[in-house]
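Chain lettering (A, B, C and D) follows the sequence in which the chains are written, and residue indices restart at 1 in each chain.
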Amino acid sequence: MSEEKPKTGITYIEPGKIRIKGYDIVELMGRKSFADVVYLILKGELPSEAEARMMDAILTSSVDHGVTPPSSLASRTVISGGNPLNAAVAGGILTIGDTHGGAIEQCARILQQWAAKEGDTREIAAMLLEDLNSKNRRMPGFGHRLHKTDPRTVRLFGMADELNFFGKHQKLAREIESIFAEKGKALPINVDGAIGAVISDMGFDWRLGKGFFIISRAVGLVAHAHEELTREKPMRKLGISDYEYDGPPARKIDG
Amino acid sequence: MSEEKPKTGITYIEPGKIRIKGYDIVELMGRKSFADVVYLILKGELPSEAEARMMDAILTSSVDHGVTPPSSLASRTVISGGNPLNAAVAGGILTIGDTHGGAIEQCARILQQWAAKEGDTREIAAMLLEDLNSKNRRMPGFGHRLHKTDPRTVRLFGMADELNFFGKHQKLAREIESIFAEKGKALPINVDGAIGAVISDMGFDWRLGKGFFIISRAVGLVAHAHEELTREKPMRKLGISDYEYDGPPARKIDG
Amino acid sequence: MSEEKPKTGITYIEPGKIRIKGYDIVELMGRKSFADVVYLILKGELPSEAEARMMDAILTSSVDHGVTPPSSLASRTVISGGNPLNAAVAGGILTIGDTHGGAIEQCARILQQWAAKEGDTREIAAMLLEDLNSKNRRMPGFGHRLHKTDPRTVRLFGMADELNFFGKHQKLAREIESIFAEKGKALPINVDGAIGAVISDMGFDWRLGKGFFIISRAVGLVAHAHEELTREKPMRKLGISDYEYDGPPARKIDG
Amino acid sequence: MSEEKPKTGITYIEPGKIRIKGYDIVELMGRKSFADVVYLILKGELPSEAEARMMDAILTSSVDHGVTPPSSLASRTVISGGNPLNAAVAGGILTIGDTHGGAIEQCARILQQWAAKEGDTREIAAMLLEDLNSKNRRMPGFGHRLHKTDPRTVRLFGMADELNFFGKHQKLAREIESIFAEKGKALPINVDGAIGAVISDMGFDWRLGKGFFIISRAVGLVAHAHEELTREKPMRKLGISDYEYDGPPARKIDG
């Protein structure tokens, strides 16, 4: 049962000293943004300015989607029963799965596997879909029950283009979308698919895919649990009924 | 069992449109940082530049503390057993509690309750400690098993001072620390206590306290689960043995 | 960081040998029922025949309550998203709280605290309610949104009576119920309250209260997760709509 | 978004009435054991006397394995941090995975798939192992880090034999074990493998495999969380150090 000393490459700790991927946490605080630090810890290096802007947009894109996603309902239900905030967020994160945030991972995995092949992207896309079809599987990250065109996808791809992150994974995703469209299937790339494609072009391991969603949505789950705790009576019977939004009205960012 | 239509003030959703606290998510993406959006969703308004810098520092301060905290061990254990990334992060978040991240909430609660009283801060601090003492309770957010002086506290308070967020809650925390010191107790404000004091001076509800830690540490937990998954054999027997750090060596932020 | 060797009084392990509270697990298997072993591990001793029958009834009483409780919905949602069975059950267990299973603990705590006082049970019940009232709290374990008279309560109290477990905690619970009734409040003892009273009369620590519910309901949650997995398409939008029961029709135990 | 009324075949609920798989819960309470009810809810029918005894033994076999398994550590860590009992048990259940309880499911899946083939069991066992080998996978449910011969396996197989549940799945498992032995590999069937084989011969769906472990071990996790809460100071630094057993000494079941 003896084991050699285990290793970690993330954080170095000694009394009075904490270094994240080699950088003193005290230096990072105040000089780098939180998204920079997320990038650093997941990728190993601090981002360029373009990478940092892309990262901010990715993390913002999934921050919340209202009360109806299973994760919001679960978090509200857990805190409504008298449990602490961390149990509420954990309950919400447990519901993340194949078609709720989990598609990022699956989409990135498939894109990374197929985009590595040589040849014409259009033909690769067709082969990929045939392969999925033969296994009776669907392409993850396409289609949305509510949004016909996912505005977050448009924005992420627009920014990726502008910041020079448009690469073979986004190209492959676009070809898949257009094959669907030609077959008359309205299966546009949703935000999960878009993130899966963009992080692939940024060089992230697909196995981190769900991680981007978790980090981002944890924020929304904290907000939902807190709203439930402070606005509602305990132990509400929570369902997927329509909610009325009564927060700030539509407004613009100043400046 | 009929209920009036439930309400939410966080996010407005309609086909093709997502608004966070009134702001179109597409506008937020690319124009605002992730920490801005965290601030917006928790506080209801976009931060000033100073508030944004403070928020970045707070979220960075708790991003990771190596392999030994219970949350890192739990996340690694869950993924090591063949579970998905979201279950791993949920397992880690469940371990957050009174003296692991949870102290933010408790410390902020006490500081907000007592700092609201009129009178000399020093006297209030003394009364507060007497009150806790009479209930046989300890002041949360003070003392650390490893760091004699927590470098993150020094940085957070330094930034709060510089950015004009030093207020009555930090003052009260400082007085508590100095009473401890006078009694010969080495119980310096730790990072949880510092965050509890700073967010109180920024006007956040104490019941969000654990939320800052959860949002921040979710990043580290994703990193630990991913490292475990990609570097180790499944079902390691994980313990609190010493770890050897083999990541990037100490380095400086360029520029 | 050196600590003295930690202790446990539950299970002794050595190669080829497992003893639960001193009993060889191999002897327990086949000679004792599962409920006997639950009793043993929670109480420290094997049950008498009467205690064993009471334990079987308690564990059976909470085994399931259909699709609508938050725990069933959460477990179904988690597995529906593509997560493993253990994550589904964990998600369900997280939703257990003050008025969903959690009332056992709170009710037992209050009953154990007040039944320890000397005096007339009726007067103690009145004082207890006054005390709760003055703190603006409700008595946990009374009232049910669906069952006017909870049939499980009737059965548990009937069995407790027959098996000679009717003691001061059930007596106190009965007095509370009758004070409610006299005030015109229909707040009959629900199954959580009944379990809280019975386990108190059996000598169990109130801090184990939620444990009885967790052990029992874990069974129902496994069944719900499995039914969701095998009968439904992935990622259903799960809510609290009415469910149609299509299992075996009403039937009687043979013999 | 309109859906037809969803269905469930587990529990029927109406005011004052709860039926589990058609049986009135009030009739089950007191007339049937908890293990009977577990069998009923997972299998759809009440067990015969032999099935009930086998079920009791299966559920008892996994009830606890001391402090060192990841699930015990996780549950103790969560409650040690100030979280409620249900969060502690949920944390423990999350750690169940491929080689901690999870092997039941994987082993049963493989046994059910291969035992369905026609031919000589020995040859099927050889082909099965070749197939796993070619995929670079190991046979789940064989080998144990501590027990050379798992006493629980011996007991379960002995009882299955005596109660006439020895069928083709146990036979296949035995052949696999003997092929390992002939190759000089000490990979005896462990308790997970034994349960996987026995429940397969009893006709349970392999997808319920982890469920038996979860239902059983939930008991041990409640006991560990309660012991941690009542015997230890909060926020212990929990690891996999040796534990000293200080519970009841070795003893025999009376009679």
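Throughout what follows, contacts are C-beta pairs under 8 Å (C-beta built on N, C-alpha and C of every residue); 3 or more make two chains touch, one makes a residue touch a chain.
If you're wondering where the values come from, they're calculated on a predicted model, not measured in any experiment.
Undergrad: With centres defined as the mean of C-alpha atoms, identify the chain lying farthest from chain C.
TA: That would be chain A.
Undergrad: Could you tell me which pair, A-C or A-D, is linked by more C-beta pairs in contact?
TA: By the number of C-beta pairs in contact, the winner is A-C.
Undergrad: At the chain B/chain C interface, shared numbers over all numbers used: above half (same) or below half (different)?
TA: Chain B vs chain C: same; shared/all numbers exceeds half.
Undergrad: For chain A versus chain B, what separation do you get between their C-alpha means, in angstrom?
TA: Spacing between the chain centres: roughly 21 Å.
Undergrad: With centres defined as the mean C-alpha position, give me the chain A-chain D separation in Å.
TA: Comparing mean C-alpha positions, chain D is 35 Å from chain A.
Undergrad: Could you grab the centroid distance between chain A and chain C? Build each centroid from C-alpha atoms only and quote it in angstrom.
TA: 38
Undergrad: For chain D, jot down the residues that touch at least 2 other chains.
TA: In chain D, the residues touching two or more other chains are 1, 82-84, 86-87, 90-91, 94, 96-97, 102, 145, 237, 241.
Undergrad: Hey, which residues of chain C end up touching chain A in the complex?
TA: Result: residues 70, 73-74, 77-78, 80-83, 87, 90-91, 94-100, 102, 145, 234-235, 237-241 of chain C touch chain A.
Undergrad: Of all residues in chain D, which touch chain C in the complex?
TA: That would be residues 1, 3, 5-13, 15-35, 37-38, 41-42, 44, 46, 53, 55-57, 59-61, 63-68, 84-87, 89-91, 93-94, 96-97, 101-102, 105, 146-149, 151-152, 154-156, 159, 205, 207-208, 210-211, 214-216, 218-220, 222-227, 229-232, 236-237, 241-253 of chain D.
Undergrad: Looking at the complex, which residues from chain C come into contact with chain B?
TA: Residue list for chain C touching chain B: 82-84, 86-87, 90, 145.
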